[in-house]
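In the two complexes below, chain A is the common chain; its partner is chain B in one and chain C in the other.
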Partner chain A sequence: MAAKTRRYSARDVTILVIGLGVAIIVNVGLIWGPTLASIGLSGTDWNGIKPMEWVGGRNYGDLVNDYPPFWSAIRNNVLWLGFLGLVATPFGLFCAVLLDRRLRLSRVYQSALYTPVVLSLAVVGFIAQLVYSSDYGVLNAVTGLTVDWLGDRSINIWVVMVAAAWRHVGYVMIIYLAGLKAVDPALKEAAAIDGANEAQAFFRVVFPTLRPVNVIVLVITVIEALRAFDIVYAINKGRNGLELLSVLVTENIVGEASRIGFGSAIAVILLVITLGFIVTYLSQLFREER
Partner chain B sequence: MTLIAPTATPPVQDRREPVRRRARPLRILLHAFLGLVALGWVLPLALALYASLRPYEETSRLGYFSLPEHLTLDYYGQAWSQADLPRYYLNTLIIVIPGVLITLFMASFTAFAIARLRIPGRKALLITFTAGNLLPPQVLITPLYTLYTLVPLPSWLSDSQSLYDSYLGLILVHVAFQFGFCVFVMSNFMRTIPEEITEAALVDGAGVWRRYWQLTLPLCRPVLAALATLEFTFMYNDFLWALVLMSSGDKLPVTSALNNLRGQFFTDYNLLAAGSMLVALPTLIVFQMLHKQFVAGLTLGATKG
Partner chain C sequence: MVQRLPISRRNLLLGAAATFGVPAVLAGCGSSQPAPPGGKSSGNLGTVTLGSNASDEIPKKSLETVLKGFTQAQVKINTVDHNTFQENINRYLKGTPDDVFTWFAGYRMQFFAEQGLATDISDVWREIGSDYTPAFKAASTGTDGKQYFVPFTYYPWAVFYRKSVWQEKGYEPPKTLDEFTALAKKMKADGLIPIGFADKDGWPAMGTFDIINMRTNGYDFHISLMGGKESWTDPRVKQVFDTWRGLMEYHQPAALGRTWQEAGQALQQKKTGMYLLGMFVAQQFPENERDDIDFFTFPEINPTYGTDSIDAPIDGYMISGKAKNVDGAKAVLKHLAQGASQNIATKLDPGTLAASSKADTSGYSTLQKRGAELVSKATHLAQFLDRDTRPDFASTVMIPSLQSFVGKPNEIDSLLSSIEKQKSNIFR
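And then the complex of A and B:
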């Protein structure tokens, strides 16, 4: 390394130290520092005002045993992940495969599918209310039902997931479409000559070559499912059947009761789940690069 | 184009091989399917637009799914003036423009150092930055909120005299959070620029800054454009940071201010629809105008992964 660094003048070194230093300080100060602080705070009973006291694992115990919203949030996050992963993502892939052939109007279909991607999830939440509202909503008007789609806690999570999927499908579709464009057409031709039908050619030849794209889509799906927040918050602040881990964390600081220690314990659980996926993803990403 | 069209009529097609003819109904089916899906995808947006043009009295009597008796732009005027939307748009610009510029500047320099200079620990840096971008904001929001309330700012920078409830605070958090993604994308891009370009400059005795600012950055224009488009949309659409890190209603960015259009006990959904349309409009315009950059930005991280 010494031989290399000698190529830099004192001025170069100063610029590098300042440039990278600022980047590192911002990143550590606002991202990783607070993340680690969440872990520390989760072991305290701090409420933001009185001196904090170490309570060990008590917050986690309370969370699991005496806090029913926690379990409905876990259930909803798992449902959300399942719905995006098993319904929205495959549907996005399906649309990408259909759009990958030279179709007239392909651009129009593509635009329609990914218009929701540019919308804020908060706006998606507001639009969802127009569709699902029990009194005047379109869904009830068209079907003739009188279901309280957003108010009934046994069904509201499902219709909200449909709204989230509305946006997710377009996102997945763009990424797969880019991936499919990069696939060597000779591969498909070779498969066709060997007598494979379209489905076989796709599943046996094209899909395996999309592996890096699959990994990215998987990560996006997981992250989106864990980050889900805006849409339920815009609808009813994430209550009454729409609890999510992210909402519970936020509730503990913007809500009336500021239970920082307790909120941090939920954040740490979210962190542990996320880190599992991030580590898997990054190790894969940087291994392939070598 | 018109010259080719007649081949579609059956009599001329008789001599074609059967494979082609079997493909036709499939194509129609494909178009029908995609057309339906596309229609279904635009429908909610069209519906919001339609609702925003009708008086509340009318839709509450007839429901949203009915023919219009009156169409009016009143709700847009109401959202614009009563809800004070211009002020919130301005707030958004105050936050988003510096946010995008600082993010791109810092990220491009970092990416340059990581991809083009053999600085020690570059891989660890890249992993740390990328991973930071993937965290859900909630895992760090509680300590961040506390930190923001504790950091004092002079009153000319923030009338709350702390990082909490200040424009600067929101800009900083956007920069910190989006930085990782931009570094990742740009370092991948810079690695594809031939080494010879900077090698030659190195022989000429060009310093680090000149190699970054004058030699590398101009070559990164496409990726900068794509990221700028994408980051604008990301920051514009943010809802959470402003919700948690801002307390004065008059400093909220427009996406979060939309929540104010909801009444405590009664919500006029048509007004909300008009507000939603107005909030969605800038991103829809950016998307239509910079379509290519937007899609490129979303897929940049993906194709080289």
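And then the complex of A and C:
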């Protein structure tokens, strides 16, 4: 019973070490290192100049009890996720289903809906200002209203989410459209022969076959909601009702303020929220495979 | 016969990684691009590097012009985008800073001086001291009593208006808060928005807070409050917000969605009657209308203090703690301290005034002359809220808090106790 050992030549080993080594260095250096550093820094009081001082969980206490923008940011991030997930994404699916039916001029609609996707969210932010500005904005000029869309903190988050959704809808639509094109028409025919109406055929037959696409769209939606930053930063630096966790991290760490410990604590909270989604998603994925 | 390339797939991949990956990493490390040197002639003091935040066209040009007249050393100007420079100042001074760098007077200068990131230039001040008023010297002095800063230009804050509008309606600059309120009421009746206001960017409202606080409680209390030594729940602070709230109905509504540029244009278009801002508001007026701009200092509230203080932020130069060519750097500062150097800047940028008392004011525009007159009457020059206190307190606490006040002017008590809690978290 000659054990069949695989032989690696010296060249193979070198390649392996380099290949794996580079991956590990990159992974540790760019992902794990900074993550652990953030967690460590979140327990300190440091402005980048004076000596670092260990303060334990104090930053978290200050954050939760005394820092009003924090709760505002949590609320806005949740709203953002809810709005994209419950309004923009279903609307993108709806558009995809309509376009899939080969309407007249469907190419035109498709391009019109998809165009915003090529714009960065920062650009969407500038466009939003042209539309919503209370003095020179298109919306007030056309409707004759004098609403301060971007300054009034009870409404600005909503109109900004509409602007963000404008881009998100096109993104989701194109993904679903590709998914729908791949659905075997025979399935729909079979459903129709079995007496299912349009709605039943879609929800019971077509939609379940889109499962892989749904997962991708879900992940994209969550990512978009958590990384939202540029649009509010372009509008008013993410202040006055447009606070988001990502903005608060930047606001505290980058810049002259340099509350590095405090900002890191916010970053860690964002990390925990993100991990929640990632763990749920991965455990779901592994359960499927088993 | 097609010959196989003498390269395996794996090598190719490695090569690709090297070609695309490494330069990308290197590109990420590259920072500010050095600008062409300002002065070509080299003297006996070697080369001095100067880190500048003058990225806008006019300030950049004026600095280059000023340094062309400097012959004792060669000056190499590294210009960095204005905001980027400010945001990276900590890392910049900790890392490898230039010999001389642009910065602001007051607390923000003292902060770096205390950390040992600035070089003591008291000896320079022994030479140039007579060119400056005591207020400028105080603004250049660290907490240890030594000087670290050379003032270059500054601009005062005041309430601006259009002479033509006021003449037509027969308005007179108010002397007291009651007159101010009466004037605002009259403007409202005349169909004008009395007080222009904008706070989308967060900082312009600081100017209103500063002036009401200094008029109500005096300069010393204001500076002490900025230094974190007073309580924000103090009745004196509450009085400031109460006064401000009383004026809120005359302020331009929807201020949180408006930039100062837009509010400046509203003043220019005669939609608003007056506007409290820095002298840079003139930028929003076309050249031929600038002579129509006039201003008055914010009226007296408490007779004890009268109108003895104003905000007049000073821009200038410092020597970094790690400067390599200190002698050369000091020579550059002496050159920048000369009235003639500062006149070059005030000529190119009509929104600024020369800091030196020796500067020639005959070339000033009408507005600049009025500005200089206003400053000469003030006993105390505050540097503006975000320059008179810790940067982290100004940006992460005061900006959101003042915006919240502007949005809901009636919730003063809860706002002040929130500011006080955050203040004690920061100033500990």
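Things to note:
We take it that the second predicted complex is superposed on the first by the 270 of 290 C-alpha atoms of A that agree within 3 Å, B and C clash if a C-alpha of one lies under 4 Å from a C-alpha of the other, contacts with A are read in each partner's own complex, and residues count from 1 in each chain.
In this text, a contact is a pair of C-beta atoms (placed from the backbone, for glycine too) under 8 Å apart; a residue touches a chain by one contact, two chains touch by 3 or more.
Predicted model, so just to flag it, every value in this text is computed and none were measured.
Of the two partner chains placed by the overlay, chain B and chain C both lie in contact with A:48. Once the two complexes are laid over each other on the shared chain, residue contacts for A:121 go to chain B alone; chain C is not touched. By the touch criterion defined above, A:151 lies against chain C but remains apart from chain B after alignment on the C-alpha atoms of chain A.
By the touch criterion defined above, A:22 lies against chain B and chain C together after alignment on the C-alpha atoms of chain A. Of the two partners chain B and chain C, more residues of chain A are touched by B. Within the superposed three-chain model, A:136 lies in touch with chain B and with chain C [touch as defined at top]. Look at A:282: by the touch rule set out above, it reaches chain B but stays clear of chain C. Of the two partner chains placed by the overlay, only chain B lies in contact with A:171; chain C stays clear of it.
Contacts of A:252 after superposition on the shared chain: both chain B and chain C are touched. Shared contact residues of chain A with chain B and chain C: 15, 19, 22, 48, 133, 135-136, 252, 254.
Residues of chain C touching chain A in their complex: 10, 14, 17, 86-87, 89-91, 93-94, 108, 115, 117, 200-202, 253-258, 262, 266, 391-392, 395-396, 399-400, 403-404, 407, 418, 421-422, 425-426.
Those residues of chain A whose C-beta lies close enough to touch chain C in the complex are 15, 18-19, 22, 47-50, 62, 65-69, 132-136, 146, 148-153, 156, 236-237, 239-241, 243, 251-252, 254-259. Those residues of chain A that touch chain B in the complex are listed here as 1, 4, 7-9, 11-12, 15-16, 19-20, 22-24, 26-27, 29-35, 37-38, 41, 48, 95, 98-99, 103, 105, 108-109, 111-123, 126-131, 133, 135-138, 140-142, 166, 169-171, 174-175, 178-179, 182, 212-213, 215-217, 219, 223, 226-227, 229-230, 233-234, 245-246, 249-250, 252-254, 260, 263-264, 267-268, 270-271, 274, 278, 281-282, 285-286, 288. By the touch criterion given at the top, residues 30-31, 33-35, 37-39, 41-42, 44-45, 47-48, 51, 59-60, 63-66, 106-107, 109-110, 113, 117-120, 123, 125, 127-132, 134-147, 172-173, 175-177, 179-180, 183, 202, 207-209, 233, 236-240, 243-244, 255-256, 258-259, 269, 272-273, 275-276, 279-280, 283-284, 286-287, 291, 294-295, 298-299, 301-303, 305 of chain B touch chain A in their complex.
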